[in-house]
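As written, the chains take the letters A, B, C and D, and residue 1 is the first residue of each chain.
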Amino acid sequence: MGFKDECGVFGAFGHKNASHLCYLGLYSLQHRGQESAGIVSFDGTDFYAVKEMGLVSKVFDGEKTEYLKGESAIGHVRYSTTGASNINNIQPLYSQTSKGRISIAHNGNLTNAFSLIEELEKIGALFQTTIDSEVILHLLSRSSHSDFSDALGETLGKIEGAFSLVMLGENFLVAARDRHGFRPLVLGKKDNSYFVSSETCALDLIGAEYIREIEPGEIIIISKEGIISFTIPSESVIQPAHCIFEHVYFSRPDSQVFGDSVHLVRKEMGRQLSIEHPAEADIVMSIPDSGNSAALGFAEQSGIPFEIGMTRNHYVGRTFIQPEQSIRDFSVKVKLNPIKHVLKGKRVVVVDDSLVRGTTAKRRVSAILEAGATEVHLRISSPPIQFPCHMGIDTPDRDQLIAANKTTAEIMRFVGANSLGFLSIDGMKRSTTAHKKSNYCSACFSGKYPLDIKNKGKYIKGHGKINLYAEKR
Amino acid sequence: MGFKDECGVFGAFGHKNASHLCYLGLYSLQHRGQESAGIVSFDGTDFYAVKEMGLVSKVFDGEKTEYLKGESAIGHVRYSTTGASNINNIQPLYSQTSKGRISIAHNGNLTNAFSLIEELEKIGALFQTTIDSEVILHLLSRSSHSDFSDALGETLGKIEGAFSLVMLGENFLVAARDRHGFRPLVLGKKDNSYFVSSETCALDLIGAEYIREIEPGEIIIISKEGIISFTIPSESVIQPAHCIFEHVYFSRPDSQVFGDSVHLVRKEMGRQLSIEHPAEADIVMSIPDSGNSAALGFAEQSGIPFEIGMTRNHYVGRTFIQPEQSIRDFSVKVKLNPIKHVLKGKRVVVVDDSLVRGTTAKRRVSAILEAGATEVHLRISSPPIQFPCHMGIDTPDRDQLIAANKTTAEIMRFVGANSLGFLSIDGMKRSTTAHKKSNYCSACFSGKYPLDIKNKGKYIKGHGKINLYAEKR
Amino acid sequence: MGFKDECGVFGAFGHKNASHLCYLGLYSLQHRGQESAGIVSFDGTDFYAVKEMGLVSKVFDGEKTEYLKGESAIGHVRYSTTGASNINNIQPLYSQTSKGRISIAHNGNLTNAFSLIEELEKIGALFQTTIDSEVILHLLSRSSHSDFSDALGETLGKIEGAFSLVMLGENFLVAARDRHGFRPLVLGKKDNSYFVSSETCALDLIGAEYIREIEPGEIIIISKEGIISFTIPSESVIQPAHCIFEHVYFSRPDSQVFGDSVHLVRKEMGRQLSIEHPAEADIVMSIPDSGNSAALGFAEQSGIPFEIGMTRNHYVGRTFIQPEQSIRDFSVKVKLNPIKHVLKGKRVVVVDDSLVRGTTAKRRVSAILEAGATEVHLRISSPPIQFPCHMGIDTPDRDQLIAANKTTAEIMRFVGANSLGFLSIDGMKRSTTAHKKSNYCSACFSGKYPLDIKNKGKYIKGHGKINLYAEKR
Amino acid sequence: MGFKDECGVFGAFGHKNASHLCYLGLYSLQHRGQESAGIVSFDGTDFYAVKEMGLVSKVFDGEKTEYLKGESAIGHVRYSTTGASNINNIQPLYSQTSKGRISIAHNGNLTNAFSLIEELEKIGALFQTTIDSEVILHLLSRSSHSDFSDALGETLGKIEGAFSLVMLGENFLVAARDRHGFRPLVLGKKDNSYFVSSETCALDLIGAEYIREIEPGEIIIISKEGIISFTIPSESVIQPAHCIFEHVYFSRPDSQVFGDSVHLVRKEMGRQLSIEHPAEADIVMSIPDSGNSAALGFAEQSGIPFEIGMTRNHYVGRTFIQPEQSIRDFSVKVKLNPIKHVLKGKRVVVVDDSLVRGTTAKRRVSAILEAGATEVHLRISSPPIQFPCHMGIDTPDRDQLIAANKTTAEIMRFVGANSLGFLSIDGMKRSTTAHKKSNYCSACFSGKYPLDIKNKGKYIKGHGKINLYAEKR
């Protein structure tokens, strides 16, 4: 916990309730982004958009989905950063292009965006947002190919980095995934209509059947004629590099991601963790709900009873007012409260999914001890996070990553635990059933990036940026 | 689940952050009422109030707690019924009385309210709300006792039914509980200031020490001089009758209620349930989060492994838009999604806390079977609910209570389970450590009411009612 | 200008669009109060209310008038004081009484309210608002008369001061006016339905025919049986004392008030002013729109051409943001801008209706001179205001009334005019066609109050007051 | 009245309260556009924007001008069309260009926009809004000139039609006006800072000194080094064609436009009208406030007394709820009410500024007759409007222009007047002091357009259009 994923995408094609199903899909993908939400639909003649800051439930309240006419739609959710943010940057983007009107929504991060922007601006391109995917629209519009799929292949062949994207054109829907397959993207079907989603949990909600993943490097175009599939042109063979953090934290436990059940992978991580870092204790508890699956695995493997040591307040609003200095630290306590009668006099194994800054963990450990626990053995079902992600996850700066700056022993003392254990990189990967080493990107733990990220640093601060006031709903 | 508690109360006296701590207290008590929230404070000269429809997080957004000046405050949350409701009825109430300015907030239901109102109106009293507690202000103002505590004793001696109340006067705070002690009410302390709360979880959040319960029939008056305690005058000895439903469903698992840990009582209910209604199954799961504690107890007692069979969407807003007929039933699915990989091919014990109408249970059972479970054995950690509550819980009409109209076998077939077991009344009560039979009210299960409820039916429909438009925040 | 009237009332009986016509009526009476607005309707069974802070256009936006069911309704607008005010105090009030359910809205001020409140509280009455008219409900409910009209007569005979009120009961509507007839109140008819309004302009808007004034001391009760009229019982003969300030400033120029056209009275005041205080000048201009009628009269009488010297910005919102110190004084300028080409090199007579603090006049004079006028001759079409009103107008404290503290010569120097003339009391009264001296209250100019106001000062500060947070819409 | 102007622009450079002064400027220009408002500022490093649907008073409520940091700012107001409109289209626009970051706001309409868009799209340009001024940014970004002023001159030389525009760059402000000078644009100064505004009334409000007009075809660039001025390159000499409708209706009467006082021009139009179309009547009245100036001129010339025959309700909100069929037509009546005592038994000359559809005039005439007037002589201080405007005014379709479809006699009968007279084109132009015939565009009256508008019809419906939901504030 503590990381921020930046996006979830969803697409619906050929259903009379396209925008409503898209809204439901975004509802299921809300955990992937809470800053803003947007849907663009097409009714055969016109495009319609609803895009606002805020949660899906707020952005689409009242009768706004009725505004979104038509049988095809794409949608997007994005992570929350600060109160005032840029409404121009809410996806899906939309533009008139030389290939017709196109709307696009993507999850991920392009690593060569800036050098492409620089080139495009030199030849007069106007950039009106600071979203990477605007580059895609420019490249597409300038492509000399008159055939749309040729132009699209050429475009996606030029961009590098992570992207799982959906595009809505006049009478077709595109889904595409970068050649490493960093971010998930799946295809579903219901009532003879097709759906594309970041995660399978959205297909479950709308009652759609899971068909398959969009493959790394695959482009599909869905139209009334059916689905055509082709591959992003590439000069070399590229090894998949699925983001292991989708299993560790991002994806919902009820989703199937990269061919595995997220819940079962996490439970197995808990088992591995118990083997790697056993503890003498009376009970195993999780930090709800992020540590639930791994804690259950740890308990099963270790034989120590699983208990509910903390309870979650379901009514924590987004706008918790910070009390004055003398009565602060309530923002952590208001969310989770220890159950004293469970913890009193007990040696407790506490399982959480990951450790970022360590400050929240410190407060949790402290609250558990205050509630009467005699020992706290903190177990983290992933390795220490030490490196930034350049493939679409908004990691804190390195100096804020506790594991990049302290040893495990130092972290243990910082959070106030009696012992501390992290799962190994190897143990983490082996917890997936598809655990061949080459399949996952674990750069945030290992520092080994699967692609060249040299250009990343060249991004000029302030380029193209405007601070547009927006109120959250 | 499915029942509606109507209220939570909180009071703070003698703290410079009184209203902010009151706000935090209400945050913790939000599960007891989501329709409206209000706080009244007193700064030695003036009273201040913020009262609105909506959740605590919304009602007090911005800088509204700063508006509530002073070192004493009382607050209230009330259950949500419909979109437009009566803003006049939001508690705390406030009035100028012959005993000075008084604000009052209460949890519970007076059973002789109407006969008192009738008498009072005959002698010219004006009723400007439809809240029972307005009766208390009228009686207090008309009391011939010039001493406030005498007048208060006389007043509370005249009213019958359930009440756990807080009152804020000019420089003092009152807490009182009816003679049966139906609803919980506790006293806490922090920084030499006193706090009163419906549940201990609110004391935990603000870091206050739990002192003791306000006793059934006790009145305390807190002022700068300290606390005085006295008893509501009574002609006969009255047996306590704590609402067992506070343990079954209402109170938060991390609270201590009527001397017991709610979580541990629920876990014990699960154990008892396993003994009374064992099942042959592969896994035990709960309907999260209401069934969590009991499911854990059931698993421990039965030896069947505890699993997470459903995952909860934390982002379900309050304003879920119902899709059209053709794509409905999403409101249940959007909240909880089964984990297919866990359920596939399994015989599953599903534990929930209570069964009211049966319609939600039916959908949950159906979803679990669709996700691949081969058998569903539904276990309810409380007895069948068959009778209305007259002590402050908003039960559905009897014709909507499935157990008042169907046998257990019929209910089993209705919900589509392979077997169904309810905990016995005796087993339920024995799950508390203070399980002497006379101590609890279980009228909603047994129909045996601990006081005379004959007058209840005399309430004239429409009396004093005005439909005042109010928007929820 | 600068005074604040406090209220406008409207009532509709027996029309299927009662609440919508009431809304339109309040729209026309908006100048009498901009703080809050409310309507209560009755549909034969239930009462419905919409009451909020803000302008009529905002309070009743959306479909709120549809919420107000039934064929009878009363409404009220009140003046704006500060941003946060007491939502409890928004009229119409409503209560269950011993005479049935009653809603009341009134314009005016009771001069013996406090002594009545004191008496009532001694015998146990609860006051839940700080509005004078709550006293009326208490007296009515306690009246020993079983007949409603007897009880109402008794009640209104006990109260003193100014009131033009409407009441809505179960199936009847009441209109009544105090014995002096301070505030206006008229009766109208349309489609066999009756309407009551503070001013005739509201009857014009809804297309109702003006029937007559409610007479001073008259009570009428409108029901399906028709109208009954009777008189407030009184021990002595009371001389009418119509508020002359309704003609000077409050009422709309298109209304007929106390038997006279407001516009024509104002125009005549301008003529008188020209006779009493002639000026050598090139043009006559008004401060729009308050001085328009009198300026036209002044121009006609004097033969000096009428010109438009200032233009009004129609889009000044209610929430003008004050700029920083260095760029302030815009709030006056944003509303009215001088027309330089008209004023340049001219000697100008500037006519306004009244002078309260003198600060706004000072700014206007200064702006006119800056725009190029060579001389400004300020003419006020009413006498100097020197005394507070106790009959329902919210006057500033005496120390803020410039004419109570400075001579006319001093005021002239303060505002920076080349000459200054006020209309005489006699000239003002003679400007009405019904100008027998005894007919008008001019206490704010003369200090001669038509009734005993000794008790006024006895009101205890803070009694019954609660500061309830309310956001303006 | 009835026409819609589309825009007002304002710019501030080098003032520490730049955005606040810009806000005040827009406040003064609110009559030029009520749909949306926006300001973009620059603080030396970053750009800041606030852009929303709604009135200036609402868009910038709270502390939003504080968000707009920096000493230079440009702002824009736009006319209201429908409830839901395109938030993407709110000006100022903003983009990263090859010439740096640029923000732009313009008033007017480009007549060759579509052919330019077509050309630009062919070479890959993306159009993300449907605003003409986006074309300007594209042309600027693609200009091969490396010098900004050369690039700007080249760009503005390529576009045709009407534009008065402001641009904000990194450390400079641009103001430019098309070669015909259709729309007004003036330069002002205050505290060593420069300001640009559509009308002089905005300079008056902020206390800035009027310097001069931006000349037709002039470009100025304001920076810390001072002002440079140059001319849009042109192959031929272009005759000025100032929009005469600015004098007739659009501009505020207190503004100086095209070298004339708007009020004095309108008054002279009233005099001319009296000469061209005299009437036998008792009084002259205006439709307030649009007809005020001309009515005064008519009265002076004719010797018939000027009277106030209608009064305006200052509190008409933007969201007037239409009553049901049986009680409709209130939207006209709620705004203006006739004064019966003035009109009764009188022969009345009614003066208004223009006649578009005739439906409002019909209702006004009818209301004046109902109020008791014996004759109504309608006089319009402009000629019959018969042709659409292509230079930035949103005229109704020709089939809705009453004068394009009926003779004057037919219109007279339609509106129910006893006589009707329109000012002649010649009389209208002669009412200006700068009345050389070639100086004004009167195409909406004469059909003689000063430039080629053939391309106008080529605009492809739906091109680039997206319907983006936006709530008005």
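Operating definition for what follows: a residue touches a chain if its C-beta (ideal position, glycine included) is under 8 Å from a C-beta of that chain, and two chains touch if they have at least 3 such contacts.
Treat the numbers as computed from the prediction; the structure is a model and nothing was measured.
Engineer: Looking at CA centres, what chain is most distant from chain A?
Structural biologist: It is C whose centre lies farthest from that of chain A.
Engineer: Using Cα averages as centroids, what's the distance between chain A and chain C in whole Å?
Structural biologist: 61
Engineer: With centres defined as the mean C-alpha position, give me the chain A-chain B separation in Å.
Structural biologist: 37
Engineer: Roughly how far is chain B from chain C, centre to centre by C-alpha average, rounded to an integer in Å?
Structural biologist: 48
Engineer: What are the residue numbers in chain D that touch two or more other chains?
Structural biologist: Chain D, residues with two or more chain partners: not present.
Engineer: Mapping chain-to-chain touches, which pattern fits: line, ring, star, complete or other?
Structural biologist: Looks like a ring, each chain touching just two neighbours.
Engineer: Going by the touch rule stated at the top, which chains touch which?
Structural biologist: A-B, A-D, B-C, C-D
Engineer: Taking the touch rule as given, give the residues of chain C at its contact with chain D in the complex, in rising order.
Structural biologist: 16-17, 20-21, 23-24, 27-28, 30-31, 34, 55-58, 60-62, 65, 201, 204-207, 252-254, 256, 261, 263-264, 289, 292-293, 296, 300, 305-308, 310-321, 323-324, 326-327, 330, 333-334, 337-342
Engineer: Which of the residues in chain B come into contact with chain C in the complex?
Structural biologist: My answer: residues 40, 45-51, 64, 67, 84, 87, 93-98, 101, 103, 121-128, 134, 137-138, 141-142, 462-469.
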